[in-house]
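Common to both upcoming complexes is chain A, partnered first by chain B, then by chain C.
Showing the complex of A and B:
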């Protein structure tokens, strides 16, 4: 029994990821003295909170079997419009935030409509939507940044703080709390509600999910709407953190968020993935960047590390999965993939 | 009667037909009509649009995007994707510039310049060959989704380029190279001729060779292809190698256009190449698509861009309209068969 549990544990990508994180953490802790301090870790959490929140939304879409490239553009639009309303039109705080969140949900639902009703492949639909929304934002904003955010928006919200003997102040601020809440809500939603379970079912096999009575159209709207919402939350928090709204500040973050989600074990063909895994993926990327910085390695080097990490980790995951399958049932024809997988996975012999 | 059943088979038949039509000549007249409509529309609305100058700039701007789209379309037809094309192209240009700058003596004669340029081109081609082989091997032999593999290689290649150049643009080329690259034959820029030649080459390879047929078969159903005694993994390695070699040609054109090299040139073209391919009727799931459709789609995008440019509209608005055109074309393709079945029902 105990061995069985151990083996089951071994099979989870999260466990491997955690092992890698502990290893990397230990190495960096020894090599860079400033790394394993409370102040540095909290700072790290805050820096990556926005990406983590967006990753939670993307995770839901990935589980549902889709992909979304447009969320960074959605976040930028929601942020910019909300800031514009708050500064130029003098809208009250809750109203501006509400409008921002609604824009996020609306753009997400537009993606879902294109994918479900017009039947455009999710990657194409969201690439097109990204092109449209981001270009329109740049056109109408003229690329101008907004700096005069109202005070209620940029004031730090501190939930807990401590001062170390040498005077370093460590604060748990709103972005960190928001990230934890987003992770908890997403985890509860995906594991404890019928809709969450149906999303897993749809990602695994949409036709099977439809036949057991899942409302595929509704699920698409939920998944992309949720991502739109999370993207808007991320966008609003980003403005809170940096105290300004730059239209193209978040452009190009989509690929690093996607890498983090995939590192954490979310499958691009859908149906697989977990919230802790995605969080660990973010943590690993954050640790690598921060640690290399502390070690004095050129920041230009970081992209090489990301590339290698993606290539190595995904290859190992797929190769070990294949080996397991071979061990488990030799008589089973290799790679009896689902409908989605046939078109996506190259042949294995 | 079994109304429900028959309508269900009808719709599934229809959806099959749309899938077929998207790549087959059916979608073709529509695209041509759209192109003609745009050209006449702009000619009427924008004074000075219908001129030799417009045609010249059209032929100068198209080659780079066109060659990159060709690099994208080959993996797309197999149901994959190569996100590393821009990164590969830029690194290839950087390498060629580096070789030229190191090998070129202070006062070179014509023969030396030619030799150095040839050596640089060989080095660039070798780099692209290696990148293509490695990418293809990773896709074929690990079984990781091409999006992820090429996301990794893109990050890696870009990282190396940026690391080595510190993000700075590199220049200092022999003037002869730029002159040859920007020359024209009977008023047609060399780059455009290169694009036409490569388009023909890729089109013929995809249509008329066993390799090309294997590509479309893999895009339709990789398992069935494997059971048809085709070594799908070797084909996939070939696909990504071909894509990378197209990047080499794109690198030559890019070097001629910009006369310098940087890790972040043309990065915004990445998504546009996918957009052009899909607009041209290439099925993003693989299996269907023709180079001729891609070429017309490229012409449409370029006409929109030139037209709006002369209209004095911002390039951002052009990008937005490109996205809208794609969505509109896809919508029409989805709705058309439903209109047909409605008419038949009546």
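Showing the complex of A and C:
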């Protein structure tokens, strides 16, 4: 054995992220007394549930070695069309939801088709798709919000609730449960199904994946279709939470979702990342935003935090990979100890 | 012939790509449990032959039989199902996954509905990963393994897929002698299990020791198959090239010439350490050693692309502080990279534009623009001097043959009239006749007073070009020798020792 379980654990970004979260939580708990209360935390979870669900989808695309910028636009379109059908055409609940989900999957598959068949780089294809779908939505909706959502859509679904002595109500609601289900499903999908493992393989070495006979095209459709589906789920839930459909309400969330995923250890070059990591990434981002809010810091500052997060975490990944490569290669073929402290531990049996 | 039924038999195999006849009338067989060497120069059709057997390229004519049964048409998955595994030189592993998952990766195909069981995965991987030959932590991530450990992972993957014939493409290119010995032990075990192994190589190396037969290819044709005992290194070399080339030792004693480039105690953490040498005017200095010995890293530092952390570089007695390759070019140092197609030329641009690339600054006329006449004149001059075969200066470089592309890269740097020229593996992928041409250019430049550093792991190349040789290992200069004092064979043994 070359290294113990503990050392392997230390190398996992999730562990470090958890440490940072505990630290930030402790600091915020002291600085902002309202922060570390059950009610605030659960409230925070619900606020970020939609982003977390979309992050699950994005995580799958990132692991496959691609990227998607268009999912927030996809979510907006799926939401608006479904609400429109439910309010103006009086479509039944399951039908409206079904149409919304299908729109999400369809737009995701369109991305996959552009990337796989036309061979457009994923970032270009999805930026273009974001522009097209979002602008179409704004054009046809005229930017008008829809307020008269049917009751079945906006009624709170409470799974569990409790009241603290001071009267704070804590409720586990549908968005939180949906987020947990989405995380569980994504985790099972990516770790326990052959397709999920093939997505990891494709993200790690696409040429090798092709050589072992993985169906690259199918995998692309699965990844982007899955993200489209999750985006639509997020869109429909967002309308449920706020009780209205505002065409541009979710515009601009793609960046914070992306930074949460990257923060959680998902590599932008593919093949690396985990569901717990992405969830922790969301949690950290939520804590920062909420905590800074409670401390009365400007919301622009949060945008700075998001941008810096992407820069710093990607830089660390790239730099540590480069360092590891550099420290291994020259000494590697021979394992000569001549290069002093830089040589890695010998491969003992 | 009273051979046993071969595992694999090719009859009259031919393959055309457009107008190019890549394979012609190949009859070839591999016996069960045999160790076979397939050798030939780069571009002789070895890779095409492997890909034909692996089902990647269907042959234009001919038949392929496995266990005496015709198997065409062959697809990659069918070939694998029949027990044919190819370990490509890049190993085709997934660096982000564990050893166990890499070995058992094919278990993820075919049953999309069956949930992944990591216990089953480990079981699948454990079968080939058994000691004493394969002692790897199944939970280790492949990105953290050394090259030879990765090779073991690739072999185990073939075994897990129930291979009966494993092609290994250049398996020893980056291994030390000790690691090669380990590989040979593994191959012996495969043989004992009845698995045939075909080593594919562009040179005859250590693996011949344990092979039974060797097949030589040249220009898309099979030259012949012989028992290993019947041929020696020199004969194989001649059969591969088709030329009876005597590599005359060219080494001259240059110790009286003026020092040009003086490198003292140069070091860069994790790459090379304590490197000192002097290159004299008009001298050709070879740097050899295994892949990863620090040769290329050193060259990149001399070219200003990776700053050394310790030591000094002086050119004509003046200390250099190279912060970028621009500094190096300005100082008169040129570098022709190993990856000539990736880094050396811009394939889509014209021959003329490629040649003048390093001279753009000096070609500028009034207003900072480049006059077309001067551009063409400079390009034409070097096309003529290097005898580059072109149909027009404005044709894209991508339309030229490999050897001529190489010359365009040379021309690009020579146009800048360098004092020091660093050639990294200058003839990789170049056929024997063009190799000779490049060696001639090297000699001509040296006579004109340019100091030349040739980096190569081909001993023949070193002998054909260099006056002195530095042997690098593990980032350090191990020894300095003069071609001719050591024989080719002795030097080769030292490199791979």
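The criterion applied here is as follows: the second predicted complex is superposed on the first by the 314 of 349 C-alpha atoms of A that agree within 3 Å, B and C clash if a C-alpha of one lies under 4 Å from a C-alpha of the other, contacts with A are read in each partner's own complex, and residues count from 1 in each chain.
FYI, a contact is a pair of C-beta atoms (placed from the backbone, for glycine too) under 8 Å apart; a residue touches a chain by one contact, two chains touch by 3 or more.
This is a predicted model, so every value here is computed, not measured.
Enquirer: Please work out whether A:28 is in contact with chain B alone, chain C alone, both, or neither, and reply first, second, both or neither.
Expert: After superposition on chain A, A:28 lies in contact with neither partner.
Enquirer: Between chain B and chain C, whom does A:311 touch in the aligned arrangement: first, second, both, or neither?
Expert: In the superposed model, A:311 contacts chain B only, not chain C.
Enquirer: Quick check for you: in the superposed arrangement, does A:285 touch first (chain B), second (chain C), both or neither?
Expert: neither
Enquirer: Determine, for the superposed model, which of the two partners chain B and chain C contacts more residues of chain A.
Expert: Tallying touched residues of chain A, the top partner is B.
Enquirer: For A:61, decide between first (touching chain B), second (touching chain C), both and neither.
Expert: A:61 contacts neither chain B nor chain C.
Enquirer: According to the stated criteria, A:231 is in contact with first (chain B), second (chain C), both, or neither; which is it?
Expert: It touches nothing on chain B or chain C.
Enquirer: On the A-aligned overlay, A:139 touches which partner chain: chain B = first, chain C = second, or both, or neither?
Expert: So A:139 only meets chain B here.
Enquirer: Between chain B and chain C, which residues of chain A are contacted by each of them?
Expert: Dual-contact residues (chain A): 342, 347, 349.
Enquirer: Taking the complex as given, what residues does chain A use to touch chain B?
Expert: It is residues 67, 69, 114, 118-121, 123-125, 127-132, 134-136, 138-139, 255, 258-259, 262, 268-269, 298, 300-308, 310-311, 314-315, 318-319, 322, 335, 337, 342-349 of chain A that touch chain B.
Enquirer: Which of the residues in chain B end up touching chain A in this complex?
Expert: 79, 138-140, 142-145, 147-149, 151-160, 162-163, 166-167, 218-219, 221-223, 225-226, 232-233, 236, 271, 274-275, 278, 284-286, 314, 316-320, 322-324, 326-327, 330-331, 334
Enquirer: Considering the complex alone, what residue numbers of chain C touch chain A?
Expert: 76-77, 80, 88, 90, 92-97, 101, 105-112, 114-116, 135, 137, 139-140, 144, 146-149, 174-176, 179, 269-273, 290-294, 297, 473-476
Enquirer: Report the residues of chain A in contact with chain C in the complex, numbered from low to high.
Expert: Residue list for chain A touching chain C: 1-3, 8, 191-198, 200-201, 203-205, 207-209, 211-214, 270-272, 324, 326-334, 336, 338-339, 342, 347, 349.
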